[in-house]
Amino acid sequence: MIYKVIAKSEFKRFTDALLRDNTSFGPRQVDTDSRGTAVYQFLPVSSSDDVAFDYTATASSAKHFFLPFREELSRFTFNDQEWDQQITYEANPIVLIGLRACDISALNILDDVLLNGHFPSPYYLAKRKNTFVIGIDHLPLPDCFCKSMSHHTISTGFNVFCSDIGEDYYLSINSSKAFNFLKEFETRDPHDDDNCRLVERRKIISNSFLSEVDVTALPSILDIEFDSPVWEKWGNKCLNCGTCAMVCPTCYCYSVEESFDTDLKGASRQKKLYSCNLVDFAEVAGGHNFRPKNGDRLKYRYYHQHRGFAENANQQICVGCNRCGRACLAGINPKDVINDLRMEKESCLTNISSSPDRI
Amino acid sequence: MISMKYQGFTFEKLKIASFDFTCCEGCQLQLANRESSLLDFLELLDIRNFRELSTEKNNDYDIALIEGSLSREDEVERLQAIRRQAKTLIAFGTCACFGGVNSLKNKFPLQESVAEVYPGMQIDTMPVRKISDVVKVDLSIPGCPVNKEEVERIMVHLATGSLITLPNYPVCFECKAQLNTCMFELGEICLGPITRGGCNAVCTSGKTPCLGCRGPSEEINMPAFIELVTERKLSPDDLQEKMAFYNAFEEFCDHEA
Amino acid sequence: MKRDLTLDIRHLTRVEGHANISITVKDGKLLDARWAVVETPRFFEVMVKGMSAERVPFLTSRICGICSISHALASIRALERAMTIEPPDVAKQIRLLAMHGETLQSHALHLFFLVAPDFTGHGSVLPLITSHPDLIKAGLRLKELGNQISTVSAGRCTHPVSLVVGGVSKAPEKQQLLQLRTMIRESKPALDTACSFFRTLTIPEFKRETEFISLCNGSRYPSIGGDIISTDGVRRNENEYLLMTNEYSRDFSTSKFTRLSRESSVAGALARFNNNYDLLHPRAKEAAAAFALQPVCHNPFMNNIAQLIECVHILEDAEELINSLVDMELQEIKTPYAPKAGSATGAVEAPRGILYHHLETSDEGKVVRADCIIPTTQNNANIEYDLGAIAEQALQEGKNDREIEKLCEMAVRSYDPCISCSVH
Amino acid sequence: MPDKHFVIPRQDINREDFTSSIPDFNRRAEIMKTDMGYKCIVTNIVQLTKQEKLFKLRIIDPQERGIFRFKPGQFLMLELPGYGDVPISISSSNSNHEFIELCIRKAGHVTSALFTLGEGAHVAIRGPFGSAFPMDEMAGNNVLLIAGGLGFAPLRAPLFWINEHRERFLNVHVLYGVKEPSQQLFTYQFDEWEKISHITLHTIAEHAEEGWIGKTGMITDLFNDITIDPEHTYAIVCGPPVMFKIVCSYLDKLGIPMNRMFVSLERRMHCGMGKCCRCMVGSTFTCVDGPVFDYWSVINLKEAI
C-alpha cells in the first residue's frame, strides 16, 4: 500500500479524467423521501459533477455490478440433432466511485465466498478484476452498525481509498493501475500532521456510531435459538418480498432458469439473484417445501448473514450497513432481531429453573 | 406443420385462436409488440382465428386466448362454445383473470348506469364476471396489459412442452432490481408487496404505485401489509380504492370491509 | 344497369372491436346502409364516479388499448383545467412526445397490419411477411419506434404509467432521449420505404363532400388541447365540445353518432391534414405532394395517406422535441396541487381524431361526473353515408358483389375505427 | 489534461486463471468443467417402473471420459439444453469408466423432458459433486443398505462397490421397502446380487398388488428378519425424510454409533457448487458437504430431517 495526499480540487481532476474515459458509476441523488431525506443510488456518472460526494449511503448496494440481478451463464445453439454450448466470462472495465468501507468489505466477503471456495466463480472474477474501485470514507448514519461487525475500516479490496482530512484526501493506493494514473496528478507524501489528521478522522468516524449490535457468540446463539419464538414473531411481519436480499451487499443466493429462444434455435441458461425469504426458495419437485413458514425463511437469512455457512468457514457475512433494515417495509432489521434473540437467550439463562433439556 | 426438430423432440406450431370479450383489446395488441422478435414469435403460431388481425377464420384450434371479461349473456354462450373446442383455454390479461377495471361498474346499480349513459335505450348488459366464473381456465396470464415478454416465454414453453409458471414473488422483488425508490418512502400506498411479480415493476419504475393488476402473489401476508399501511398513517380509503381497481383482490377486500 | 345488392358483414375483421355492415340496394337504388357497432358497453362514465382525480387517468386509459395515452392525457387535461393546475413546460413537452409515439405506433399498425393486406389482396398481414419482407420490416421498425417513443416518455406504450395530473411522475433520462433520437434518425429510411410502397398503390377514386373537424392550436400541428375548428368554418372553444358533437343514439348501435353543420362529419388524420396543412413539417408537405394530396381532400380512402404524411411529420417533430428536451432541466416535472371543485373539457388529437373527456370534480378532488366522446363516434355517421354512396357508385361502375363488399370493408378500415373505444 | 487518457485496460478471464494455482490435475479438470459440462450421448434407456427410467450415458470425448471419476454417493448435474439441469445421484459403479448410469424419476419439468428423450440424444453432465460414502472406512464390517422407494438410486453405487470388493466386508444386507411392488427398482439384478455377491436382500411393500408373494408392511418390519451386531455394523439409509427419522432412531436404539450411519439428503439445487445456497440445511450445503452425511451431523443440522 502506498499513501499519498491529494488536494480535493486535484482529486476532482483525477476523477474527471477517469470518469470521462471509462464507463463509470457513482452515487447520485435520485429522490427525496417523504421525510425530506435524500435517496441515493449507484448510477452512471461521467464527470465528478455527477457524483454526490457528500452522499450518506445508497439505498441499494453495489453488489449488482458483480452479481447482476440477471445474468446469462451460458448459451446453447441447436443444430440438426444436437447442440453446442458457449460460455464467456467477458466483462467490460468499469469504474466504481464512492464506495464506503463497509461496501468494500462486502466485496471482500464475496471474494471469499465466490473465489476462495471449493469452486471459484469465473463470472464473478471477470467482473471483479475489471472493476476499478475508488472508496471514500464517511460518517455513519444513525442506524449503521458496521462498527459492531468490524467493517467500518478497510485495508484491502479497493484500488484507491480516500479519507477526508479537510482540504485534502488522504489516499491509500492499493493497485499499480491507480498509482500510475495518479502519477499524472499532483500528490504528495503524507506529512506528520496529515497522519494526525487521518488518525483524528478515523477516531471521529469510530466515535460517531450510534447503533450497536452485540455479536459476541452470535453464531452459537443462533444455533441454540433455532426454535426460538422470536422467529415466529418477526416472521409474522415479513412480507416475503425479498427486498432485504436485493439491497444487501453480500446476499448472493440465486436461481437458475433455462429457456428456449423464441426461434427455438437455441437456449439460454440464466442466473437470477434470489432471496431466501421468497416462498419457494426451498421447495422441491412434488411441492414439498422445506421452509414453509415466513419465520423459517427469515431465520435462514439471519442464519446465513450472522452465523455463516460452512463453505465460508462459518464467518459472518453481514457487514452492518443496515440497508436491509432501512428497506424493509415491515420494519424488520438486524439490530432489533438480534437484540430480541439475545433477550430470549438471556431470559432463559437467568431463569435457570426452566426446562433443563431445552438446549 | 413441423417447425423444429431437436434431439428427437418435434415441436409443432401452436394452433391458436384469440378472442376478445368486454375489454380495451390492449392485451391482444401486445401480441404485435416486441417487434424485434415478432417474426420469430409468429413463426411459433399457427393462427386459426384472430379477428383483429386476419380475415381468415378456422375453428380448428387447440389454444384459445381469451381477452376481456364477460358483461353480456351472448358473451357467455360464445365463451362456452370456445371452451368446448379449446384444449387449452388461457385467461389473457387482467380483465379475463380477475374482471379488471370493468368490474368497477358492479358497484353501481345496473339500470341506473344504463339510464345515465344511454338514456331511453334498451341495452343488454349484466354485472361483470371473470372468465373462470363461467368456464374452466387452464392457464392465466395476468397483466393490464399483459407483459409481452412473459407471453412470449409462455408460448415458447407451450410449444416445447416446458413447465409454465408465473413468478410467485411480489412486485417489490423486481422493483428493487430496478433500483426504484419505494413508493412508501415517497408517502404513497403501493400494492407491490402483495402483488405477483413478472411485470418488471413497470409502474413503480415510472414512479406510480402498483395497483395490483397481476393479482395476489403467493402466500401474501395481508395482515402485515394492512399494518404497514396503518403504521405509516396512510389513507385506508386510498388503500381500498387501489385494491378495488382491478378487482384482483376481491377476496381480501371483502375480508377487510 | 339496375341491380340488387344485399351486403351483411357480421363482425368486420382487421378492425379493433366488433361492428357490422349491412347495405340493401334494390333496382340500383339504395334502400338502406347501416354501420352498426355491437361492442359491449363498459360504462366508464359511471365507473369513474367517486374515484380520486389522480387515479382517473389510469382508469380512462383502459378505455382503449391502442390510444390509451390519448385517453390518459384527455382526462389529465380535463382535470388540470377543472382544478386550475398548470403543468410544467418540461412535462408538456414529454406529453407531446408520448402522443407522437402513440400516433406513430397506431398509424403503423393500421397501415401495415390492417390496410396493406387489402391492397395486396391478402386476408391478413401474415402472407406479406414472405411476399413483402422489406415493407413489413419497415412497418415493424416504425411501430417499434412509436412504441419506444411512448415507452421512454410515458413509461409504457400501452396504458402509460408516468402521465399524471400535474405533470409527469418521472422524466426520461437524458441518455434515453439521446438513444431515442438516434433511433428516430435511423428509422427515416424505413419511412421512405413505406412511402414508396404506398405510392405504387391505386387508391380507390371516390369523393363525397363532408365536414372535417379537428383541433387547432396556433403554432403547432394539433395534438393536445386548442380550439375546435371545421372545414365549414366553425370554430369553438374546447369546453363547448357538446356543440361541436351533438351526440345522438341509434337503437341498433352501442356506439353513438354525432353531427355538426351537415348530416355527418369526420375527425382523424385527414381532418387534421385538411385543417392544419400549413403547420406540417416541410418534409411532410413534400411527402404529401408526392401523393398529390392537398387540402381539402374529400376522398375517405386518402385518410391512409394522410396517416402516412403524419408519420413523416412525427419523426421530424419528435426529433425537434427531443432536441429541446435534452437542453432542459428535467427536475421540475410535476406541479403540486390541492384538490378542488370544477369542471372542464380536455380535448386531444388521438390517432383517429378528436377525443373529448369532460370531467367534473368535487371539493375533495373526486370525480363526480364524466362524459367521453370518442373519435370513432364522430365518424360513425360519415362511415354510414359513405358506405351507401360507395355502394351506389360501385354498382354504377359495374362492380360485382364480392368487389363491392371488399370496397366497403376497405372504406371502413380507412377510417381506422376504434370500436371498443367508441363503446366505452 | 485533456489529451491524456486514463482508460482501464480490459482483463480477460479464462478458466486457467483459476486453476493455475491448483496442482492436483483431477481438481483442475473438475473445476474447468463446472460450467461447461461433459457432453454425453445417451446410449441406452431402460424403463424400470412406470415412473423411473435408467439412463446410460457415455461421455463423448475420450479424453474427458478419462478424466471423469467419481465416488459412490456423489451426484452430478444433468443438463438437457433448453429445459434445464437437475441433480441426480450416480447409480452405476465407479469402476466403470465407460458408462454412467442414472436412475431418474419423472417428477417435473426437466425430468419429464428427459423422459421423452430417445437413445442417441445428447445431454451434458457437470460434476461430480458432493460427498461420498466412506467405503474404505466401512471395510471389515457388516453393512446394512436400507432404501425406500427411489432411495435405491443412490444406494446402487455403493452396492456395486461392495460387490466388487466383496471380500472386504462381512455380512451385507439390503433392506428395500416400496409402496407398491411394481415400484421396485432393479429387480432384474436381485438374483445376481444374491447368488453371486452373497448379499441378502429383504424386500417389503406397503400395499400388496396382484401376484405379490413377498412381505407387506413398513420397512422397519424387515428388521425382525436380521440380527444386527451394533459393534461391527455400518448402515446407509436412503429414502424419504420420514424414513430417515424412523430407521435411524431405530438403529440408534440398537446401539449403532451415529457416525456409522449414513444418509443421503435431498434438497433443491441450482448450482451443485455451494453458490446458489438453495440446498442449505442448517449451515451446511447439501451439495458440497453432502449429500452424504453421517447421522451425527444430521441430527446436529437443524431442519435436516
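The chains carry the letters A, B, C and D, assigned in the order they are written, with residues numbered from 1 in each.
We take it that contacts are C-beta pairs under 8 Å (C-beta built on N, C-alpha and C of every residue); 3 or more make two chains touch, one makes a residue touch a chain.
Predicted model only: the values in this text are computed from it and were never measured.
Colleague: A-B versus A-D: which interface comes out with more C-beta contact pairs?
Modeller: When A-D is set beside A-B, the one with more contacts is A-D.
Colleague: Once you find the CA centre of subunit A and the CA centre of subunit D, what distance in Å lies between them?
Modeller: Comparing mean C-alpha positions, subunit D is 36 Å from subunit A.
Colleague: Quick one: report the Å distance separating subunit B from subunit C, using the average Cα coordinate of each chain.
Modeller: Inter-chain centre distance comes to 26 Å.
Colleague: Where the CA atoms of subunit B average out and where those of subunit D average out, how many Å apart are those spots?
Modeller: Here the centre of subunit D sits 43 Å away from the centre of subunit B.
Colleague: Which positions in subunit D touch two or more other chains at once?
Modeller: 82-83, 108, 120, 122
Colleague: What are the residue numbers in subunit B that touch two or more other chains?
Modeller: 6-8, 160, 162 - these are the residues of subunit B that touch more than one other chain.
Colleague: What positions in subunit C touch 2 or more of the other chains?
Modeller: Nothing qualifies.
Colleague: Following the definition at the start, I'd like every touching pair of chains, please.
Modeller: A-B, A-D, B-C, B-D
Colleague: Touching residues of subunit B toward subunit A in the complex: what are they?
Modeller: The contact residues of subunit B facing subunit A are 3-8, 11, 37, 40-41, 43-44, 152-153, 156-157, 159-160, 162, 168-170, 172-173, 175-177, 179, 181-182, 184-187, 192-194, 217-221, 223-225, 227-228, 231.
Colleague: Within the complex, which stretch of subunit D touches subunit A?
Modeller: 1, 4-15, 17-18, 31, 34-37, 39, 81-85, 107-108, 111, 120, 122, 124, 266-268, 270-271, 273-278, 280, 282-285, 288-289, 302-303
Colleague: Would you tell me which residues of subunit D are touching subunit B in their complex?
Modeller: It comes out as residues 82-83, 108-109, 112-113, 116-118, 120-122.
Colleague: Which residues of subunit B touch subunit D once you look at their complex with the stated criterion?
Modeller: Touching subunit D from subunit B are residues 6-9, 160-163.
Colleague: Per the contact definition, I'd like the list of subunit B residues that touch subunit C in the complex.
Modeller: 20-30, 32-33, 35-36, 38-39, 42, 47, 50-57, 71-72, 75, 100-102, 104-105, 107-108, 112-114, 116-123, 125, 144-145, 202-203, 205-208, 211, 238, 241-242, 245
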